[in-house]
């Protein structure tokens, strides 16, 4: 337990450092509450973290969870699914918790993409609280390669070692490198995907588009797996072509946090 | 028929009184039309009411109605499904009409929730027109416990005696008390639901979330039934925790019409 | 090949003429790119056209295309499905290409309707590029009977001779007249549809609404086929009633390009 705590503290310290290097404060100056269920917010995407120490059994049965647990941690956002899923992926690596639900509303407040509802389960409320704290702290980093313009957005994600959240949400093989390449409007994601696959030798997990594998969002999303160098190279090649294409529809797309890939 | 008319007039009088106590006019100062199909608008949610006296049979066959009727009444809105469904619930109690379709588009004009398309059927156009008039007049009241902020919204609904619209849309047992508890972003609805079920002894009908029982809206929605006092108590407990949680994402959520619960 | 080129040039000339008669420039003054994949943009709906000369085979397998082709042409937009589908309908008539995918995200940037992702296939990149050029040039014309207000929108489309895109997307019989009649919020589309069917003797292909045949958009959409005069008459009658109904929810709905029906 001491070892786990130390590991978690090291991970959180690193995440907070990275987050603070961005141009925005790590936490919004928002109204506080003394509710025990409230964990915190992230400074992007209207992202809120909460816990339920001992979930009502009737509620639990109706939540469509993969497995039932005594304690639930909840990460919920209006804007962003990929960043929050990647942040939870780090969080479950670092804590004794399990991903039990990943849902993607068609949201982004008038934008082209998804919001998110992610639930992790654990046998102890301190575990799930820690997981949500780790995830909240990491959300800004994982927005580092989200590029927005008035016309649409791009999202790139990369991890050298996918864990449970990427597996649950996107079918990524656990322990292997995983990459997400998204463009909106969706056609930009198709061309980005083609570019990625020509840039490096990687495995296609799936291609999501408005009618397949999204919640009718206006995104084309390639999910890839493979050798870490190749996945990263594919993601970077796709980013370059995506920025050019989305730029033809207006101003240059911008990220709000520093790129991490 | 005289009795029914009197009842309807009494119900409408009461609804209009309640509606006028709000801070907004009961009807928008909108462009008028002499179309016989037009019934009126409500002053919230871009809600419009219409009737078709004698529906084209080919259209009727393609509308996916639960039963076919000669006359159709239509309530349609950009923002709000719960308030309009609850308003139609009152309307069908008071008129000789039947709910034949309830559909929930993913709308709210960039918000996190649903709009609505509700169709009632009757054998006489005066019946369906009356139903739509009653529903339009009641819509503002049923927005009384909808609380909005820039980050999301809460919705609470309660009736001591559910009727056909609640049954059709949410599986509420007819004649029993029914409550709706919704929070957006969706995770807030999960915690509100847990709070509600711990506050009073009620039956869970279902829990709707982005991937289950919504049209990919960013809401967590608990539907409950049971003893009227218990249902009301559960709804009120959930409202309190919801207001605190949504408030952490920015300003205090506000309702545009007086609370009725 | 010379004949085809001449035909295409004539068609494009005509489309560009029609487009230029509108009040907006035919192409946005947007950032240019030297990417070979980029074809151009249309001045409405954040519409972008792209081509892939030789699509990666793994991507192709994952795109859910009706048939696989070496070269793909892509038309993708944030706002508008009908206009882009009708424009591609003209484009496939005029070029040696085939429609292989039509997807309708729930988009319109906070509006009530759809965006679009349309993919055409061909054996030669010059064919698919030409198809996308023709479609881009025609998009503004096909927005001629899209009427917007703050509360919603109407869309009317008409062709005397439907081709592959209308067939693929809406089940329109190829070679016959086809009409699309849409209103948002959805209930307005129901009344428009009823009006259309009483105005002329046409065949109902389907009626789409939030829960049936849309991507949860807030539209009621009647698809009709039949004699060209009758289809046109039905569409015009529906437009008149739709403008009156949508006008009751606020200001008069306006089209941004000249009506073509």
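Each chain carries a letter (A, B and C) given by its place in the written order, and its residues are counted from 1.
In this section, a contact is a pair of C-beta atoms (placed from the backbone, for glycine too) under 8 Å apart; a residue touches a chain by one contact, two chains touch by 3 or more.
Everything quoted here is computed from the prediction, not taken from an experiment.
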Inter-copy rotation, chain B to chain C, in degrees (Cα atoms; steps of 5): 120
Shared interface numbering between chain B and chain A [over half = same, under half = different]: different
Distance from the mean Cα position of chain B to that of chain A, given in whole angstrom: 34
Contacts with 2+ other chains: residues of chain A: 106, 109-110, 216
Interfacial residue positions of chain C with respect to chain A in the complex: 28, 30-33, 35, 37-38, 41, 46, 48, 50, 52, 55-56, 58-59, 61-64, 72, 74-78, 103-107, 109-110, 115, 117, 119, 215-216
Residue ranges of chain C in contact with chain B within the complex: 106, 109-112, 151-152, 184-188, 190-191, 193-194, 197-198, 204, 206-207, 209-212, 214, 216-220, 222, 241, 244-245, 247-252
